[in-house]
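Report on the following structure.
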């Protein structure tokens, strides 16, 4: 909305000369932040690569303990949440606030389903003693140090899960702001940035899934 | 007339809340400056305690376990609380928007968040001192760091938090440089300090998250025994070193690049001559950032990594010296046939040139794999990194501080006492650290609380030097603080600089520029413009 | 110079595109699960990563809009991928080659190496140049075992 007293849109901050500059600055900033997330998870991908190269048979045997179908469902769930997130932003671009709200709610629901399935998987592992490091008590796997696989599994999916929870928090806040009519085709940058973040969360899972669940 | 403009960022807006909640990059930069100077003092006190201990081999001051905590704290405080934020967060924050002709950085609220995150991280680190300070060395190598009973977790959590502060500063600067340059200021007409901060920001963004995950893994290993670094559980302690140094080597370029950026500024201004090889200097900053990610293994030549990796890292390490060399030659060429003014900033600049060259060359010495096998873990390494970090970054920081001091406060300091301080610093620094090259070459290991009698003369000499160095800093603090109360008003442009910050009042107004600046010449066009010493 | 009143219209992609990309992603997900059940040895990893990369590119290009954006964002994304690759590859030069030097050291010294044929190889106690390398000789002949392999003391 336009702030007539200030002579510029209400959302425009004073050190920017126009909305376009502000929006593109936000986008650049967000992409740089996503870069840091890629490198953060990247460290765990590196650990995965190194330990899998050192213990290929153990990784193969241990991964069979994971439920491929739950993993696949979770992948489908996250992809769907990315679609609904993208459509939420598109709805705001088309000035359809109600539809934006619905798509954001759908995104949150998909995210919640993801977390529930993850919880079920974790619970199953807790019961069997398939836990990281010194808490590993499962006896059903031969081979050296099968706990390594589960340490890496819990660290990677755990860090990812934390980002899903964080993302849900941000999306909920966007939902609140959308309901208060704070976004419009002229200004929806926070929504767009949230979308970028959420797609990265999906992106990380796109790699986690085959690396953890589909070791051939 | 006082000469200090009434309307400036210090006096307006008023009230302590306006400082605590400020979005003014200049105020944030100033708060960082105070914090950084404070932690330099803290780290320096640890250093002096180390040097007192090493005056004699008798373990006179502290026992060995405490000594381990002393050098750990000295390293952690100096690196994470002082040197990494030093130039970017204080001087960079203050001056970058002005250099670009902008009103503020791209994300002022993120800037303030960055400051508060720094404060929280600092508190964690300070807290860890009182709960059993870590004794692992600032590098937290496994397996000792996973087993020691000292408060490794509090220390590493503090460092983890500080990492976010660093990332947000770098992110902010990159976006600012991309998006907020004044109309007419192209990439190749912006000051070289901006290029340096840009390259630094790239490193901060790419490297710091890896430190984050490294420390998380270390904490998880301590808390839950995940075994990723424990050979008994199929883990690999050397893997920790790969993870750690993947950040910490680029980190040393986070430390030096901004310093080099400052030198590019001061050397041109105080030679009253156009910088030689602008593009070479700009691209060499990017080149350093790029290659810096490929050499971390040179910290690990004796760790047990494969010989193949060691050879590759050694070769790449030689490459990373090239862009630095390009800069040094370009700076010298800038001075050639210039009209040199030996004001305090220039004295520190010249000190930088000498000391950084020594530090950089000895880095190449250490990069030679066969030599490193003998020098690793000795005082040669300690001397090398103090020459580049203190002889390099700190001298550049002081050059920048003395250069922009009149702009920050609107006051000039005493040139005479500045020279006294610089002389003490130079003498003290070389006494302390050149000696350590010799100590290291003679086999004195680092991180030892005592030593064989044969090393005592050199250690004693080095320790005396450290007190002279300390005296130099005391003198510096003295005349700088005095200048705040009794310094002559500086005017807009005491040095005759051509960059945009010198077109405003000293101190500048809160919005930096009352109108959008018009770019009429390049930042170093001394051949075209007579600077207006206003 | 500064335009306070209007913002450019947002770039709106057709609904078909989002649904199409979503469908492609779901299809590729099912595909990668099916292919993972076929034993292909080392190729399973390659195929799985290739499919994941295609999915990633779809998400990045269309959901994250990179296909339509200024090239700068693509460069930023690529730099991230590149840096990560450098980290993994260079680290694996260490982790996969540990102990390799012992295999090299265990190999027999080549008895036909040209340096053994140089006339001044067996010298009189001072350093001699053979093939450009100074070789400190401790005088007399080099001990060779029955297979003709030189066996200098110590190794």
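As written, the chain order gives the labels A, B and C, with residue 1 at the start of each chain.
Simple rule for what comes next: a contact is a pair of C-beta atoms (placed from the backbone, for glycine too) under 8 Å apart; a residue touches a chain by one contact, two chains touch by 3 or more.
As the structure is a computational prediction, the values presented were derived from the model and not from experiment.
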Pairwise touch network: line, ring, star, complete, or other: complete
Chain pair with more C-beta contacts, B-C versus A-C: A-C
Cα-centroid distance, subunit A relative to subunit B, in whole angstrom: 35
Interchain centroid distance [CA atoms averaged], subunit A/subunit C, Å: 28
Subunit B-subunit C separation of Cα centroids, rounded to whole Å: 33
Two or more partner chains touched - positions in subunit C: 1, 72, 79-80, 83, 87, 91, 95-96
Shared interface positions of subunit B, touching two or more other chains: 178, 206, 210, 236, 239
Where subunit A touches two or more other chains, by residue: 28, 32, 35, 39, 42-43, 46, 50
Subunit C contact footprint on subunit B (complex, rising order): 178, 183, 202, 206, 210, 236, 238-239, 242, 246, 293-294, 296-297, 304-309, 312-313, 516
Complex contacts: residues of subunit A adjacent to subunit C: 2, 7-9, 12, 17-20, 23, 27-28, 31-32, 34-35, 38-39, 42-43, 45-46, 49-50, 53-54, 68, 72, 75-76, 79-80, 82-83, 85-87, 90, 93-94, 185-188, 195-196, 199-200, 202-203, 206-207, 209-211, 214-216
Touching residues on subunit C, where the partner in the complex is subunit A: 1-5, 7-10, 12-13, 15, 18-19, 21-22, 25-26, 29-30, 32-33, 36, 38-41, 43-45, 47-49, 51-52, 55-56, 59-60, 63-64, 69, 72-73, 76-77, 79-81, 83-84, 87-88, 91-92, 95-96
In the complex, subunit C residues that touch subunit B: 1, 72, 79-80, 83, 86-87, 90-91, 93-101
Sites on subunit B touched by subunit A in the complex: 97, 102-108, 110, 167, 171-172, 174-175, 178-180, 205-210, 212-214, 216-217, 220-221, 224-228, 233-236, 239, 243
